[in-house]
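What follows is chain A paired twice: with chain B in the first complex and chain C in the second.
Then we have the complex of A and B:
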């Protein structure tokens, strides 16, 4: 297992160099960066949706805020987009409080519904607000004024920036799942009544999880905007942004450390392939694939691929034990 | 008194599930709550645990008014409870389940783990500590719930039919565990249908019927009380006993 982890870490580190010699090097490097970005978004969602079991269907609100702020500070005040990253996080934290404080008082699906409502509300407001480019959106600097604009011709620098952010996020999540916070989140996901009877301040801990999740989702949005240099209401706040985070985490394994990364490694190339094979006419196919994956996960493996792996490993052990016993 | 419930009322619309119940439990006591199905004992129990907010009356724990306090505050003050239908955290291991309880008094992971390991050993769950809770049967789950509460170092434990559904041998083991817990100085309030358990463990028994406490006293006195016999078996039986 230790060797497998080291091999995966080495593959992630060397990926841009491993594909550099191929005919589609630039394409593959770009796709690598997109996989990492999807993994960051899904891992951020995983904190509230996976560990705490609070299904946010409007996480695009944090992603969009994180994406817009760097480009707003550039278009309005000619500041480096990087300066908008902490602002995006701050606004996302305020949004998290606005959504979380009232809805976490209630039991049921109110949180999920509230996240959809707020995300859609923000998307509509942004689509009609000239200050932020309304429906057309806004662009970042076309050419770099200095390194601080973080504009690169190649996808490789973005790949490594995303890899560092993902590593930090996974380290934070790993630390969280080992701490009281992680145990409390998993307990309240399994049963709020029982968790409260053991002294877990359920509302407070849900809010902590949402704020932590919003911080990294906003960061994912900022990274997306820095890489693409453009954002509009649909690519920032569209419901598909939230759905992609959910599906990516659920496919790999919601509530597990590496599940979202595994989901991203499968889904992003699949999405890129369908876009390449079917072109613009096949754009609706993404929705069909997402729908199919939701049905398959819900019906056959709610724990995702990580859970499937654990079950198969347990079965293998059992069979090996039975063989040894028979011998 | 460690726990005092004064004239507690719990109404659901016009129906009073608990219609003015009093209870006083001294530190170190084992008190049993019995009564026929629908008598109101579980509702009263949930009011004491903080799961239900009483419509009237007061509940004091060690002098503090906890009538309107949420369950997490009850736990912080030292009131632990188990559930009639075990509410274990299914996807977590047995040790992790117990650690959730231990974190209440031990915020550090290492300390919480040590406490949990001690408790799983004491409750006989050490062998299964690394299995998921969902792999346990009913007796194991009930034991796990007790272990989880125990790890939170409660002063008062509320056991809600913790021995229901167990075989006679399992009941015997569970009763030994309850005695061991009592030996640690923990006060116990037990809701139980199995009379053998109540008669053996409780020093004092309160009988609920139709939202009221109709009898209280030593187990032997209570089971011979005509009002109690009538509540369980019907009107004619109570008069015969007299």
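Then we have the complex of A and C:
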């Protein structure tokens, strides 16, 4: 197991260098960066959706806020986009409170309903607000004024920035798993009423999880905007942004540390491939497939691939045991 | 006079909201389950109307029935194939099952019908009537009145018939209902069928007077969330009242703030409800 993790870590570290010799090096390096970005978004969603079991279907609100603010501070005040990153996190935390405080005291599907409603509300407002470029969106600096603008021609610097952020996020998640917050979340996911009766301050800890999740989702949005240098209402706040995070985390395994990364490694290349095979019209087909995958996960394997793997491994062990028993 | 006309238009549209929201709240009350694909059922009702009208012809009565029947079958099938299994599963499975379904239906519709807005070919229902100076389109008037009657019929079905009692019995206590000789699966499939059918007819009725595209479902789903929350947990009369209120608020905000903000105001209202009155207007804490 330790060797496997070391190998994965080495592969992630060396990936841009490994593909550098191939014909499509730039393309593969860019895709690598996109995989990491998808993994960051999905891992951030995973904290509230996976570990806490509160399913957000509107995480695009945090992503979009994180993506817009760096470009807003640039277009309005010519500040480096980096300065907008903490502002994005601050606004995301406010949104998290607006959604979380009322819904976490209610049982049932209120939280999910509220997340999609607020995300849609923000999307419509941004699409009609001239200050933020309305439906057209806004752009970052075209040419770097200094290193702090974080504009690179190659995808490789972005790849390593994303890798560092992902490593930090996974370390935070791992630490969370072993802390009071992690145990409380596991308890409330298993049974909220039971957790509450044992004295777990359920509401407060759900809110902590949402705020942690919103922080990193906002950061993912900022990284997207820094890399792309452009944002519009649909690529920031559209429902498909939320869908991407959900399916990536759920396919790999919601509530597991590496599930979102596994999901991203599978889905991002798949999406790139369907878009190339079917041309521009392929994006619609991609989302038919995504919808189908989400339904299948919900119906057959809510634990995702990680759970499936564990189950198959257990089955194999059982068979081996039975064989030995027979002999 | 203009204001009166806007109020009348808002109430007529609100009656249609009341119809499809009653369907959503029926499932919510019976199974504590929110269907994220409900808006897509409305959208499908619109396309059933379009297909029936262009291929078979006939009037609004024909395609209305077709939408109801088609969506009833779809709703019951979805219950048996998907919902029955995820119902007792983790929250993740409950939410993602219908959320994924919404995505699947929406993009399948994109693929089949193209993302462009379409309108129904003209039907027998056209023109306007003049009620003491208030001009109302005949399609809107018929849609509002029919929807209002059907929502009322749903309420009566639930409260005055044996089937309604059986549905409520299953909602109250699945096991006790089983001991009384009621088959809960059949009842819940019936509820899903009725719920989807209400959305389907509502869609067909709205298709009479509004252009539509595969992406309209999301707006209807969110509108229905607001209506059922305002109406209170699982309450059909509550959803009927709230549907009229939401229709009215939308019409007035479109008039005073511009049409873009009618949805923004309704979604903001939803958040405000969750903050200040999550039990709904008629509910008690």
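Following the convention adopted for this analysis, the second predicted complex is superposed on the first by the 322 of 327 C-alpha atoms of A that agree within 3 Å, B and C clash if a C-alpha of one lies under 4 Å from a C-alpha of the other, contacts with A are read in each partner's own complex, and residues count from 1 in each chain.
Everything that follows uses one rule, which is that a residue touches a chain if its C-beta (ideal position, glycine included) is under 8 Å from a C-beta of that chain, and two chains touch if they have at least 3 such contacts.
Model, not experiment: these values are computed from the prediction.
Once the two complexes are laid over each other on the shared chain, residue contacts for A:297 go to chain C alone; chain B is not touched. By the touch criterion defined above, A:124 reaches chain C but does not reach chain B. Set against each other, chain B and chain C differ in how many residues of chain A they touch, and the higher count belongs to C. Once the two complexes are laid over each other on the shared chain, residue contacts for A:112 go to chain C alone; chain B is not touched. After overlaying the two complexes on the shared chain, residue contacts for A:184 are found with chain B alone; chain C is out of touch. When the two structures are aligned on the shared chain, A:284 is found in touch with chain C, with no touch to chain B.
Chain B contributes residues 49-51, 70-72, 74-76, 80-81, 83, 87-92, 96, 99-101, 103-104, 107, 109, 112, 148-149, 152 to its touches with chain A in the complex. Chain A meets chain C in the complex at residues 49-50, 53-55, 57, 98-99, 101-103, 106, 108-110, 112-114, 116-118, 120-121, 124-125, 128, 189, 239, 243, 246, 250, 254, 284-285, 287-288, 290-299, 302. Of all residues in chain A, only 178-180, 183-184, 186-187, 190-191, 193-202, 255 touch chain B in the complex they form. Taken together, the chain C residues at the contact with chain A in this complex read 32-34, 36, 82, 85-86, 89-97, 99-108, 110-111, 115, 218, 222, 225-226, 229, 260, 263-264, 267-268, 270-271, 274-275, 278.
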